[in-house]
Structure formats: C-alpha cells, structure tokens
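Each of the two complexes below includes chain A, the first together with chain B, the second together with chain C.
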Partner chain A sequence: MTATVTARDLGLLPCSQCGLLSRENGKAGDALACPRCGSALHARKPDSLARTWAFLIAAMILYVPANTLTVMRTESLFGTDDHTILGGVVDLWKDGSWDLAAIVFIASIVVPILKMLALAVLALTAQRRSNWRRHQRARLYRMLDAVGHWSMLDVYVVALLVGLVRFRGIAEVLPGPGIAAFGAVVVLTLWSSMSLDPRLIWDTADADPA
Partner chain B sequence: MTTLAVTQLLVCEQCDAVHRKAHMRRGELAQCARCGARLERAQRLTPDGMLALTIAAAIMFVLANVYPIVRVDVHGAHGVSTFWGAILASWEEGSETTSVLAAVTVFFAPLAELLAAAYVLIPLARGRRAPHFAAAMRVLRLVGAWSMPEVFLLGAIVALVKLGDLATVDPGIGLWAFGALTWLITLVTAFDHQWLWDTAMESPA
Partner chain C sequence: MPTRPDDSDPNPQPAPIPDLPAPAVRTTRRFAPSLVWIVPVVAVIAALSLTLRSYLAIGPKISVSLQSAEGIEAGKTQVRYKEVVIGHVTGIVLSDDHNFVLVHIRLDQRDRDFAVADTRFWVVRPRLGLAGVSGLGTLISGAYVAADLGTSHERKSEFTGLETPPAVLRGQKGRSFVVHGDDLGSLDIGSPVYYRRIQAGRISGYKLDADGKGVSIQLFIDAPYDSFVTSATHFWNASGIDLSVSAGGLKLNTESLATVLAGGVAFQSFDGNEPGQPAPEGSRFDMYSDVAAAMKPPDGPELDVRMHFNETLRGLVVGAPVDFRGITIGNVKSINLDYEPDTQTFPADVIATIYPQRLGRINERFLEAGQGRVNFIGVLESLIDHGFRAQVRTGNLLTQQLYVAIDVIPNPKPARLDTSKQPIEMPTAPGSFDALQKQLTNIVAKLDKVPFEEIGNELRDSLHSARLLLGKLDNEIAPQARAMLEQAQNSLKSLDRSLAEDSPLQRGAGHTLDEVARAAQSLRALADYLNRHPEALLRGKRVDAAPSAAPTPPPPPGGK
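So, the complex of A and B:
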C-alpha cells in the first residue's frame, strides 16, 4: 500500500471557498489569502476543536430544558394540554399515525442525541490524535453532515401550529419555553459540526497503519 | 508527484489526501481513495441547464410564498394561511425563536441561494463571468447549509396531521409548491462549486 500524500506534506493550501491550490511560501503565521477568491487560507480550520467543544457543551446544557420544559400548550373546548417533545411523539402514536410518530421520534430525539454523541466521539478522538477506526469516523462525520438539519422539524411544527391555530375561545396553540431551547440546540449542534475539521481524523502520528 | 503542476492535482476536503485529476465523463463522481469523500462531480448539466433549474426553483419559491399552504376549519371558525401569514402570527403569539428560525431557513436562505445562483449563472450561460463572482459564490456556499425547505415540508405534514384532531385541514397550492421547490432546490444545491469556479475562470469577465 502506498502512503497517502497530503496537501500539507507538499506545502499546498487548498482554498476552502473555491478549491484553488496555492503554494504555502509565506512565512509561518502570515495571514494568507487565496489569489483567486480572496478568502483566508488555512491548512486546517482555525481553533476547530475549541469551537466544536464550545458549541457542543452549550448544546448539551440546553438539551435538558429542551426536553423537560413544555414546547407548546393546546387550549380547546376539551381542555388545556401541555406538550413536551417526547409527549408530541406519544400523541402521534396514540392517534394511530405510527409512521409520523417514528419520523418525529427519529428527527427530534434520536438525531440530536446521536449527533451530540458523535460530535463528542469525533472531537475526543481527534484531540488524542487517535488511529482508532478512522474510516468509520470519516463516515460518521459525513452522516452527521447529512442528517443534522433534520432536527429542525419540531421547530417548524410548533411555529406552524402556533401560527395556524388561533381561534380565541375555541382552539388555540401557544408556544412553551422548551421550543426556544430546542431550536438553540439544533443551531448549536449545526455550528459545532461546521467547526469540526474532518481532516483532523487523519492527522495522526504514524502514517498509515490501516 | 511534485513534478506535476498544481492544476493537475485535487485535494480531498475531508482528509487532505492529494490525488491526480482524472478525466471524467458527464455525471461521473470522483471519490477520495483514502476516506471515501466526494472529490468532484463531472457536471451532467451545462450552465444553461443549471440556469433553467434555478429559474424553475425560483418560480416554485414565489408560488410557495404567495399561495396559502393550508385552510383550517374549527367548529365553524376558519382561517386560510400562507407561509408568511403563519410565521408572522406565530411571532405575535410569542413564538419569536421559531418564527425567526423558520424565516431564515425556509425563506431568506433559499432566497439568497437562488438569487446568488441566478446571478452567477445568467452571465455564465452566455460564456461570461459575473462581476463580483467571488462574492456571489461565497453567499452560495454560506447560505447553502441553512436552507432547509425539505425539512419544513415534512414539518408542515406533521403539523397538519396533528391539527387533524382539532380541526378540518385542507392543504393549499402553497404546500404543493413547497414540495416542488424542495426537489428543485436540492438539485441547485448539488451544483459542484469547484466546477463553477473553474468554468468561470475560463470565461472573460
């Protein structure tokens, strides 16, 4: 197996905006700009791990109120009900929409939890320059990228229900404090995964063990 | 390897591995030999075709925002609502965070994405490079990650099903337009930016 040559080995800087390859011939610490599009050039995303952790920890903290507080309150002739994220899934299930219940369960519960776990695993292994399962970690990163934004689902559901059901005295849906926390978790995990530089997975000490 | 010109090389965005550019046929996909990430896609479409898709998406975007997405009837009271009607009403009811998130990810980001794509592609279809091409490409890249009409479409379906207990709901033209927009904007988002850059640089300003 031939050893992989990286752009860093060759002293080349790929532009993150337009993809142009530049030669790294400035002095170390110089702020380099892409000659084609003017973007700042970095061999790796700056402060990738610190930013990833900062957004991730904030998301983890807000995940608690997002799931324990009410996301919306329904008031109708039949009474008043408070709903949490998980409660919304249970309601759909009880109504017989098991397919939608499964989709909301995956988008609102499974995706955020797995996303935070995956980010923690990726950040931790990158920090330790670990060689452990690099191909699987690279695949995990791409999955994260592909499914992360689907957790925005519940934000839209609440926005629409609150905006559509406002028949005072007959039926009304009101927002709860939980949904703002949930929306913040979605945005923070997106920022966290955008900050993570997947190239760190491959920046390990020894060249190519497997 | 080092004797090759830099323009003959391709670097993996996800693992930094250097590859030699290969000639690819239309629609072919190059994957990184080390990590498996997508390196490059040989565009199936010409700039003309891309522009046509962008315009189709823009038309659907207008329809999705002008026509009502739903009509709701509850015990004789009824309301017809567009996307913006629902979002503004939601804001008035105190759901500011969700309104802002929905407005950014379902309206402003897709709008900016379509405008930037059209701005770049209209001159490119005639073999020219737009002034401030780099700025437009930067917008395209920045907003792409925040454009989520496909998630909104599913959210709207879930909301309508939940409403089914409480009210009679009829999906409107706006919702069907969101369906079409979702499909078209996915194609617009999939344009290979590197290829657009390379093509634009070969064209006069």
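So, the complex of A and C:
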C-alpha cells in the first residue's frame, strides 16, 4: 500500500505562477494571494466543477444554433446561398470531395461533440470522486488541452473568406449568425476545460486517506 | 501537481518544513461562485435570440402557380420587386393534376407585406418581342421571379403567376382608359400608345365584349401625358403603314417603326377650338380604324335612305361612299335584290346611311331658306325638287368600283322623296355607267350593220385586176421601152462623137468662122472708106486717094 501525499494534505499552497510554497493558515473563504508574486493561491481551482459545468452547458446550448443557423452566406451573380456546417459537409460529399467532407465533418462536428462529451465525463467523474480509470481520464484531459488550439478553424475560414471575397456585385461572402454561435461554443468549451482542475481526477475517495 | 507514491516513508506524517511564508489575505471580494451560472443562462438567451431571430427572419411561405418553371431553380432563383431581392424560390413541384408548376417561395421577413391578395408574380426571362427586347440581364443572372406589390390587406399564400409581364406596375403615375374597337388588330399587351409620336403609354389589357361584337382595350397613359386625354380626344389604331396616293403624290405614313411591326394606338384631340374636359380615369373611348377616320368631324345623327337601281351593281360594295359633289356624306349599308312583279324587273335595293351633318353649310342654308323645311328630310326634298337624284357611278375604271352620287341630272323625270316608307326612299336616275353601256351598245349595233364581207369581196376584185394590169405592163411595155432606150443611147453617142474637138464638123466650122471674120473685116474697111468718101458710091474709087488710105489696117493674112 502506497500512500499519496498532496500539497493540500500537508496544508501547503503552491503558487501556480512562481512556484513558491506557502503554508495555509487562513480561514476558509478568504482569498489568498502568493506573498512573493501576488497571484491568487488556492489548493484547487475554486468552483472548478461548477464553472466547468456552467461553461459546458452553455456550450451545449449554443451548439444547436451553431449547427442549424447559417454560418456563411455567399452572394454572387448566380444567386444567394446560405451555408450551414452540416449543409457544407453534405454539399462537399455530394460533389465527390468525400475526403474534404470527412475533414470538415470531423473538425467541425465530431471534435466539438467529443470535446463536450469528454468534458462532461471528466466533470461527472470528478464530481462523484470516481475511482474509475484515472490514468486514462488524465490522458483525456491532456488531449483536450492539446485539441483546444485547433477548434476555431471554422471561424478562421469564415473570417478569412468574408475579408477576401468582397467583389461588390459579383461575389460576396457574409458571416451568418451561426458562426457567432459556433465561435461561442469553441470559446466556452475552452473555458470549460480551463476551469476543470485536473487534480480533481485524483481527489478520489479511496485515494485520500487524510 | 502530480503526486508521486512515496515508498521510502511509510509514515504519511509530513516532514517539517520550516519558515514557510504565510499567504497574503486579499480583502478584495471575489464574486460569488454561483455567478458562473450566468454563463449558461446567457448562452440560453443568446441561443434563443439567435434562433428566434433567424426564425423570424424567415418570412411567409407562398406558392405561385406557373405554366412552366423554365429557368427557375430551387434555392437559387430570386424573387425581386423593383430589382430588390425580397425572397427566394425554395422548391418547385408539379401541381396535383400535373397541369402547372407550383413554385414555392420564401419571402424575406421584412417583405412579408407582399403576401397579399392582389400581389402579382411573373417570371422575368429574356424576351425577344416585336416591340423590343427585355430581360437581357437575365441572360447572365438567370431568370428571376418578379413581383408587383398589391394594395390589399387580405393575406394570401397561393398565387397564380402571370405568363407575361404586366404592362403597368402599381405606383406608376398615370391613368387608365378603355378604348373600344371592332377588333384587336395587331395590338397586344404592351403595344405602345403614342401622343404626337411620343410614346405616352401602353396597352395593359384587352377583353372581348360579352356579346363578342367588339374588343375593349385597356390603355395606361403615363403622367404627364394622361392630362391630354380629354373628352375631345380621339383614339385610333396606328398599326401598320398608311399608304395613300393622292393628287399630291404618294404618301407613306407610319406612327413609328415599331408600330409597323407590332402595332400601336395613337391619340390626339383634333377639335382645336374645344380642348374638352380632362377625361376621368377609366373613361371609354371609341377606337377609329385610322388617323383619317379619327380626324373626321363627328358625324352626328345618321339617316338611312333607300334607293332602287334598275341596273347591275357589280362593283358596288357595302361601305361604298355616298358622294355629294365630291364630299362623302354617307356609306352604303346594304345591297339587296328586289323583284317588281309589275315591270318584271329585278331592281337592286340599296340602303345607305347618310350623315346630314357632313353637308355642313348646305344643311344650314337650306333650313334658313325656310320653305317649311325643318330637317334634313326637308333639305333632301328641296334637293330633289332642284333635280338632284341618286345615281350609281364608276369610281375607278380599273377596278370597276362604283359609288352612289347625289347630283343634278339633266332632264330628270319628276319624282318625289317617298317619306312614307321607313327608311325614306330617294328617287334615282340611271347611272352614268349604264348610259355609257347603252351608247356602247348603239355603236356596236351600228358597226354590226357595216357590210364588211361585201367590202372585202370588192376589195379583193380590185386588187386582182390591178395585178393583171401590172402583169401586162411587165410583159409588153417593158421590152419596147428598153429598145427605145438603147436607140436613144446610140443617138447620144453619135452626137457626142460629132461634137468632139477633132471632128470634121468642128474643123469645118472653124474655117467657116475664119471666113466670116475676114468677110466682116472687108466689110468694115468698105464702111470706113465710104464714111470718108461717101462720094465713092457715085464716082467710084479714086486713085489719088491712095496715100490717105494709109491708116487702113493691113488686110488679114490669107484674105483679099
């Protein structure tokens, strides 16, 4: 039987910025700050789960308009077209570019859904102080962090097209309300994963003898 | 901070760590943790508002039935009003009975007012018509559905599309009028309407009369030209080419090149003195067949007159003019054959419509003159008393067209206007053509009496004897004449010879003449001598007188 000792068990507070270790002596509910660099000190991210859930739920709600509303409107001599993300995938697939369709489908639809599912699983298990597959969950969290950088691709594409394709009267690309929702989804999932304290994965009932 | 299992120290008691600084306590109040739940609330609001907005941005859905969906594409074709996009075609389906096409249209939310009962929809395609080319822009952009906003407040979602663009859009300034004509001619919806050769409007519709005896044509005259449509305005059909031959020469008249091909209507107020009141919207006018008919003064009341002609009326047609001293005062209305049992003849029964007002002054003067004449019938009676009769005359020798003339006939049979019948009967006189025919018949009869055969026979006999005479001349006279001519030639030749320079006759004559000259000389010498010595006649020549004879010229050689 091996024992795990965490800084919290010892009543110590490490500063997440400068690394200074200080001893917890304040009352609960006080806002503590690092005596050296002044950044906030806390044993665990405060309200981690609540924030994660809040951002996650907000992201899930906004995911619906992000996929149903127009992401991009192209106006050309041959008429006006409204594009949704899923519609774009279908169009690409129909045009025979199944490879591109797969990329867009994975990047714009599968990844956000998986991300939200993963966050939900992590938050749920952390909340229940579950002992279940903690190593895999830790890896999942690291993957979430890495994937986060790439989730704004759609927004970039639309922003670029709107800026570039602007031939007045001949062709024009306009952003739709869907892209705002999509952007919000991405930002909210980022915040959600940021709010989730990975240490909570390990704050399990059986592994905490103290 | 990852934790690491620590095997070396089974005792979880932590090692003493001295001099650890205590964290600073911040007095700044952190927000309550529950405030983070504002985020999902905001997200709900945002999602709802986004969804609601885009749902609200979707306007009403309408369907337009059309004969053909040519050029229309679901999802691409736009619906435009004044070239502004107000919606899109979302789907095209066939109607249940497969007779027409239902075009589903999603209007933009701000243009939902278009879904009212009297909005009109039609498809704009490139159109190549006689009156011009339209919709060329759609060659590039593709066809689109055009709309004309209705004024009704009654909402509607199913419309019947127009197959041709409407000639008049709502909101155009101008007024509509109705023109009534016998037929449509080459006019069509959109045909131009001209005022002094300016295009002032167009035909917006036409309708066959309920009784099928005419066509009502709806015109739309743009402002400001609509103010020139007054109660005195005449409309006429300006289609085609007006080609007239007159004493002034050949005259070609068209309203515009477009009307030659596509037809058109023109209007103008001809009665310059009376501009008339501006006609109210929707006024009805008659359409004249051409500008000449439109320019004619109004005909006023008409009067039917019956005439009996005892001659062939081949060439007299319904509509032929009734002429009074060159003025057309009416037209032939009907021609029928009649049978008179008394005379066993078939007189033609001609009924003509006469417009007394066209007689103008004549009418007035006759009425002024009184004699108890109160109306045109009275005037006609006076005319007949003065020897006027109806007569059929040839108007055109080439085409044998006839007209009815009312003119003075020399030595007319006394007749009266029969006012007892309806229509009144006008006495007639045999027509000039009839008279001409009679004269021709007489001439032919006289020609018939000429004994052409006898004349021919005698002529042949004379010619025969003449030929005999000529033969005689040829055979008998000619040889003699020839011999005579030969003799004459010989005589002339000998004469020629005797007169030649070296002929004996010539020489003899020369000698003779010399002798005569000498004789003359001697005579002169004798005469001189006698002149000086006249006594010598008595005494004879003296010898002493010899020296005085010295001036006497020497005697010519050979002479003595």
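To be clear about the criterion, the second predicted complex is superposed on the first by the 185 of 210 C-alpha atoms of A that agree within 3 Å, B and C clash if a C-alpha of one lies under 4 Å from a C-alpha of the other, contacts with A are read in each partner's own complex, and residues count from 1 in each chain.
We adopt the following convention: a residue touches a chain if its C-beta (ideal position, glycine included) is under 8 Å from a C-beta of that chain, and two chains touch if they have at least 3 such contacts.
Predicted, not measured: the structure shown is a model, and the values here were computed from it.
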- Task: Report for A:L174: first if it touches chain B alone, second if chain C alone, otherwise both or neither.
- Result: first
Have a look at where A:V158 lands relative to chain B and chain C in the superposition and call it first, second, both or neither.
first
Given the touch rule stated above, what does A:I106 touch, chain B (first), chain C (second), both, or neither? neither
Touching A:D47 in the superposition: chain B (first), chain C (second), both, neither?
-> second
If we overlay the two complexes on their shared chain A, which of chain B and chain C does A:D95 touch? Say first, second, both or neither. first
Next on the checklist: Quick check for you: in the superposed arrangement, does A:R23 touch first (chain B), second (chain C), both or neither?
Outcome noted: both
Once the structures are superposed on A, label A:L86 by its partner contacts, choosing first (chain B), second (chain C), both or neither. neither
* **Partner chain(s) touched by A:P35 [first = chain B, second = chain C, both, neither]** => second
Where chain B and chain C land on the same part of chain A: residues 4-7, 9-10, 12, 14, 20-23, 36, 38, 77, 180, 184, 199, 202
Seen from chain A, its contact residues with chain C in the complex are 2-7, 9-10, 12-14, 20-26, 30-36, 38, 40-41, 46-47, 50-51, 54-55, 57-59, 61-62, 64-65, 68-70, 77-81, 177-178, 180-181, 184, 188, 191, 199, 202, 209-210
Seen from chain B, its contact residues with chain A in the complex are 1-2, 6-7, 9, 11, 13-18, 33-37, 70, 72, 74-75, 77, 79, 81, 85-90, 93-99, 101-102, 105-106, 134, 137-138, 141, 145, 148, 151-152, 154-159, 161-167, 193-194, 197, 201
Note: in the complex, chain A contacts chain B through residues 4-10, 12, 14, 16-23, 36-39, 74, 76-77, 88, 91-92, 95, 97, 100, 103-104, 107, 134-135, 138-139, 141-142, 149-150, 152-167, 170-171, 174-175, 179-180, 183-184, 186-187, 190, 194, 198-199, 201-203
Residue set of chain C touching chain A in the complex reads 1, 3-7, 10, 12, 14, 17, 20-30, 33-34, 36-40, 42-44, 46-47, 50-51, 53-54, 73, 75-78, 85, 88, 140-142
